[in-house]
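There are two complexes below, and they share subunit A, which is joined by subunit B in the first and by subunit C in the second.
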Partner chain A sequence: MVPTAHTKLSFSLSPLENPILDRLLPEHQRKVLDRLSTGLPLAVTANLISDEDYWKRCCTERWQACDISNYGDSWKQMFFERHLENILKCFIPNTTDPNQVLDLIPLCKDYVRKLEVDQFLPPVQMDQEERDDLSNTGSDFGFGEVSIHHYDLGVLITALPHLEELHLTYGVKDCGMNFEWNLFNFTHQDCCNLAVAVKMCHNLKVFKLTRSKVDDDKTRLLVRNLLDHPCLVELNLSHNLIRDKGAQAVGKLINHSRLQTLDLCNNQIHHLGAQALARALAENSTLTSLNLRLNCVEDKGGEAIGRALLTNTTLKSIHLGSNNLSEPTAMLFSQVLAQNTSLMNINFSCNHLGLDGGKQLLEGLADNKALTKFNLRLAEVGQETEYLIHQIVWANREEMRLGSLQHPPAKPI
Partner chain B sequence: MVTNIQVAADLREMQRRAEEAELKLQRVEKLENEAKSSTYKFEEITSKWALAKEMTIPQELWQLLNQQQQQCALLLEEKNKLIGELQQELKNKDEQYVWAIKKQSDDIHLLLERMEEQIRFMLKNYRHELLQIEKAFELERRELLDNNRKKWEEAIQAHNAQELEYLHARMRKVEEFEKQLNQLRVQDEEEYNSMKIQLENDVQNLERQLQQMKAVYQLNQEKLEYNLQVLRKQDEENTIIRSQQKRKLNRLHSLLNNLRTKLANQEKQFREENHSLAADCERITGQCKEVQRRMRHFAISDAEKFTEVWLMNEEEAKGLMRKALDADHVIHTQQLGLPWEEPRYWFLNNVGPLGHYKVKRMATKLAAEVLTESSSGGQEEEGREKEEVGSGEGGKENTAKVGGRVTPLRNISKKTAKRILELISDESGFLIESKLLRSLQALGTHERTLMKLDSIFAALEIDSEDDLYQLVDFFLKYKAQDMAVSQGEGQISKGGATGTGQLQGRGVLGSPGTRYPRANVEAVGCAGGGTGGILRDPHAESQPARRSGPPAAAELGAVPAAGGVHQLRGEQQAALSSHKVDGPEPVLPRGSAVGPQGQGTTFPCPELKLCLEPRLSGKD
Partner chain C sequence: MSDKRRSRAAAPMAAEDGLLLLQSQALAEEEEAKTKGEMLTRFLKDKLAKEERSSTLNLHKLRTQWRTVLREVKDKELRQDIEIFSQTFARVMDCKDSVIESLATDLEEAEEQHAQALRSHLYNIDRLLQLQQSRLTCLEEGYNAQLEALKMELEAERRTILEQHERESCYLRDVALATEQNYAKNNHEATLNFQSARDDIKYKSQQEKQYSRLQLGGKVEVLWEQFQRAMQSYTEATEHQKIAFEALKQKDKKSSREIEMQAKKLQKLQDLVTATKGQIAAHLRESEKQNRRVREEKESVLRQLQELKNEMKQARATAHGSLARLTTQSSAALKALARVVEKAQRILRLAEMCRKLETEEEKVLPFYPSSLAEGEQQDAQKVLEETPTEPLAQVRRQHRSPRCCHSGG
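This part shows the complex of A and B:
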């Protein structure tokens, strides 16, 4: 009798008007969920089934690798986030029906907290000839701007009340021999749409916009919209084309938000931009991590940042690798190391600090007890200095570890 | 290790950028140079075009044109060369790009390899660590297990040992208890047997008793039935009697009412009588007082006269005496030549009459003295009691004795006298007024006796000492006669007659003949013919206590009913005085009934008083 009832139920579950699952006894509910097909339309299951096992089956059937820890340890969240991401990745403007996304919004708006889209397809060209022309000539000019805007996220993002993380990359993956420059074109219109959308998204904490050819103008546009954002904590604009003006805008943003982590690696920031950032840094009390890897800060910018760190007491981690730094910066940073007690992690890899610079840093580090990581690889400071610095840092790290071990037990007393 | 690749890539990228920048610079320079030279050449060529217009000689023009053509070709060639170089460069870049991609893939492979290696290494380490931890844990567990097992075994052993001990103890106890049980069983059996026998005996006894009780029960039942019937009958009788009594009660009520009215009448009558008598009394007391005053007056005058006469005679006597003494003195001194000594006589110094009248003091006073002295002075001697004292009438001698206060009554011992007086006071209570008697109860014995004696003397009119002596003598004589047993009744009666005669002579009993017969008549009327019996009763009771009971009893029996009262009284008094026994005492004072014993039981005292009083008072 029971099995027949269950089969009946499983049949009757498919129509939307008969959601009696909640009213079943726990063991019966269990049985029903175990037999339920994963192919059922989301419109039925999305808001009805909260059982993790069912969504686990859905996820594992659909994707091979499933790391639940990236999705808040929730299979359902993972399913909906990845489902939405897949749809967005395959969305072709002017071709795909926008309702495909809009229909999904009411189903997934309660479960999506993070959107990680690493591909935005450009609209399909009018015809093959034009495309051929483009392939021959249009690569340098950004031809046909009218028609190459990407999908506007505004509608979607503002409809997701729980969205906290947004990772975007305006580019095409696996294009192979079909490579064309205009496949990787983050247009001004796109930027405007995105900036407005992000501004409307009040719960956003993490915003990453990488490998998208964001230049100074777009940066300034974004920053203008992100000023005084209530929640934003982490901003990642790495692998873009930001120059000094963009860096100045970001420096302004630092002191007009709650940013804690800022990543500007692999941009084209020179000493002017670095000085602007340093000025912002000197007054800031929220930023804890700054990444300027693979820029062209050089000694002028390095010295400015060093001076800013003499007064700053919140920054814990700074990455100045591959910035063409040399001895003067090392000298200033030896002072910083002697004075600053909050810095824990410094990265000077791939610079030209030289032997003297290394010794200077060693001297400055002699009395420092806070630094636990100091990366000087390929910085031309000499093996001996590197070794000694390593010793000190290890000692500090050991102390820190012991302190963190002893502190908790000592606290109750 | 892993991040090294990134760093290396960074470095490479940086170097590439630096090279690129340099190359770019070179290229730009080169291009600028090229552009300069080419523009220069182009200007040269264009300047030559103007020159060519001026040329008019065709050979020269042709030469110039050729030259121009060559130069243009040269320029083009240069340009082409530049383009070729740039294209070459582009190709190189492409190759470089391919190479970079290859390098990148290599790097990624390396990265993967290293990561895998690291992962493997870490896995190995973790596995190793896990193993170590497990080993340590196992070791600890084993130790713990061993310890626990040891403890457990020890505990088990201890437990076993204890268990064994307990078992032994239990066995011992069981044996002991079995022994005790057997013992108890035997004992109990014996007890049971004895108890059984005893109980059987008891049962038999009880059955026997039951039978007896049943018999008794039946008997009692019959008795009770009988009693019930009797009681019923009695009840009936009682009802009858009750009705009778009711009737009687009613009758008596009416009688009582009658009597009450009668009483009221009588009371009224008596009150009137009383009033008249009180008036009489007042008159008489007035008269008496008058007489007394007169008497006192006469006594005083007599005494004065007497003293005057006495003084006169004494003067005379003293004068004569003085004369005689003077004569004696003269005779002694002058005639006989003897020294004369004047004799001293008390009477010479005496002035006034001697105290003769003191002898005649009141009998009551004397009696009081006797009583007080005997009580205070103590007994002098018993022997004197027995002395046969003749009734010598040398009454005057006693004056000295009275003065000396040694013995108040001539030869009679104080004790005897006191005894006699006490007896009188006790026995002759009928002479005392009942009112007085009642008031006397409050006084002490001594005073009571005195008062009684006083009233008795008053009744008997014994005023003087001599009368008292006479009385005492009479009793003594009677006793002496009584002691002489041989003397018969006659003597006694004679003595009694004398006693009574004496008494009668004094008018104590007024007219006894009239009085006592009446009393006797009353006594007879009340007690019917049992006077003798009634009279005899108290005597019979007191007989054993009396020494000389038989004669008295015989006498009583012989006394005729009518005149016996006198006799009886006399006898009684005589007997009392002579025997000094307590026998009759309880009879007489008992009911405080005054009068002859015969009447004592039947007559209430007020009536006697009523009978006696008027006569006593009226006699005066």
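This part shows the complex of A and C:
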């Protein structure tokens, strides 16, 4: 019975018409699945086989490091997501056949929930001699202006109904000696395409666009298209070139969406941008985590954010490390610590708060029961102050832990 | 005379005047010459100075003119050099400007690259931190789970132990109750027995007591009488001895006191004895020392005596010897002298005899120079001159030398 079923399966190349696998008995199913070759074409296996062991075999054969906790604990999901990511990473616009991607869509659209594409290849340049000729003639217009845009994700994204997370980086990895600056161009057209695609994706919860040289204009374009998005919960625009105008746009977005996590670290936001974000923050009630690490908000920005936190009651975690903050910010935040009861995690590392700033924060923290993490590394607050602050914070953490332990029913002693 | 004198005076006066005039003229001429010479020298000096001044002035003039000429030439050269330098400087400035621009572009490029690398690095670090965090939370959860599991186990164990403890304590309580009851019962029986036995024994003992009291009372009386009698006899017997004892005691006291005194005296005498012994010993030692010293002195003196005696002996011997020699020699000398005296006496007698037979010539010249011949004179001279070898001469010589020694020593 079993060999015959197996041979039938291996001989029939279109089991879509003969879906006999489900009709087999469980133990026979098991045996058939264990013997199935992982080299079978996806067109055959994608929608037919949903057994995790088969997909586990496929994954471990193809890739070395497999951690399914990142992929929703499903081997099948991991396989399809990574497969699609690989295709997108190696896609060269104007050279690779777009049908390669489009053909895959019907096979994987039910299983892809997250896409992490950290490489987008630019179109291949013209030959060396032609390029030299053009440069010799001194022509200035971009000879590849039309062809320097990366792959347009619009078609793909709109076709994936379950897509919830999108992590993109417009760059090229492993350039080696072939490094050129034009490999890292996130063009305006790309941004437009992406913005449109993201707007169409109604299930998108997490959108991360990092290390792609996104500047103010592109940010505004993206924000315009993300306003009032029904689902977006996390936005990560870190390691870009966003300045004050971009930050103002993002500030507007905070209050017109359901954003809970915002990450703008390693940009170039100065105090104007920070003030705009603070204004948005003061009236906001959805944002729980704000990361402004490695910007340049300085004391003016820091004070603005502090004042916003006096009225905000939902923000739980704020990261203001490496922002050139100093004493005035610390003074304001001591007031925040005395009043605010929702902030649980503050990070002031790598600023110049100074000994007096540290003492102010300590005073403000005296009655605070909500703060459980306070990072003051390299903030120059002095060892004593840091120690005392940490004592209070640890006490808060302990109480919280004990509080959480008491929720289960007490055991008879 | 006065004219002569006057003329003579005048002549010399005129001569003198003339001389004076000449001298003064010469002096004046000399002075003139001197002044002339001085004027000349002054004139010449002035001239020299003037010449010098004019020469320096001319020299200066020449120099300035020469300098202007040279300056013009130098001026031209310098202007050329300046032009060349300004051109080269302009060129170098341009080079440096271009270098600075290229460096600025390089710097921008490098900064961009650095920013790019920093972004990727930060991204990677963040991912690593997330991984670490998740790992830590996993570990913490595992730890908590294990802790919970351990807690549950321990709770279960605790409960079982408590139950067992309960059971066993109940059992023990029952057993204790039973034993207590048994014990109470036994105790009660035993006390009853004991009480009855006690009563019996009491009654018995009372009876015995009375009986024995009676018996012992009688015995006691008998014994008391015996004892009284014995005591009386004893006291009588020992009266005498008591008295003697008392006397002896007194004697003993006295004798002991005497013994003490005697002992003290003895002690003092002994001390004296030891003291005197010590003194004796000291004296002995001193006397010993003195004896030794005296003996040593005696011995030294004896030695000196011996030495002196020896010296004396030697001196005596020498003196004896010399004396002997002296006597022999003196006797020899005496004998010789006696012979000589005899000879002389003979000669004198002969002389006397001859005087009578003398001539007149011989009275005047008694002695003719010599009767000897030439050769005989020479021989006589030789004989006179040679050292005497006769014994008397030797003795004389000997006497002379010791005499010298004696006179010397």
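Note that in this section the second predicted complex is superposed on the first by the 380 of 413 C-alpha atoms of A that agree within 3 Å, B and C clash if a C-alpha of one lies under 4 Å from a C-alpha of the other, contacts with A are read in each partner's own complex, and residues count from 1 in each chain.
Simple rule for what comes next: a contact is a pair of C-beta atoms (placed from the backbone, for glycine too) under 8 Å apart; a residue touches a chain by one contact, two chains touch by 3 or more.
This is a predicted model, so every value here is computed, not measured.
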Partners on subunit A (subunit B, subunit C) - clash or fit: clash
First, second, both or neither for A:150, with subunit B first and subunit C second: neither
Touching partner for A:378 - first (subunit B), second (subunit C), both, neither: first
First (subunit B), second (subunit C), both or neither touched by A:324: first
Which of subunit B and subunit C A:205 touches, first, second, both or neither: neither
Partner chain(s) touched by A:294 [first = subunit B, second = subunit C, both, neither]: both
Contacts of A:181 with subunit B and subunit C, given as first, second, both or neither: second
Partner chain(s) touched by A:350 [first = subunit B, second = subunit C, both, neither]: first
Single subunit C stretch clashing with subunit B - from 94-102, 112-120, 166-174 or 256-264: 94-102
Intersection of subunit A interface sets (partners subunit B, subunit C): 294
Interfacial residue positions of subunit A with respect to subunit C in the complex: 181, 184, 210-211, 238-239, 265-266, 294, 411
Parts of subunit A lying in touch with subunit B, wherever the complex brings them together: 293-294, 321-322, 324, 349-350, 377-378
Residue ranges of subunit C in contact with subunit A within the complex: 112, 116, 118-120, 122-123, 155
Touching residues on subunit B, where the partner in the complex is subunit A: 4, 7-8, 10-11, 13-14
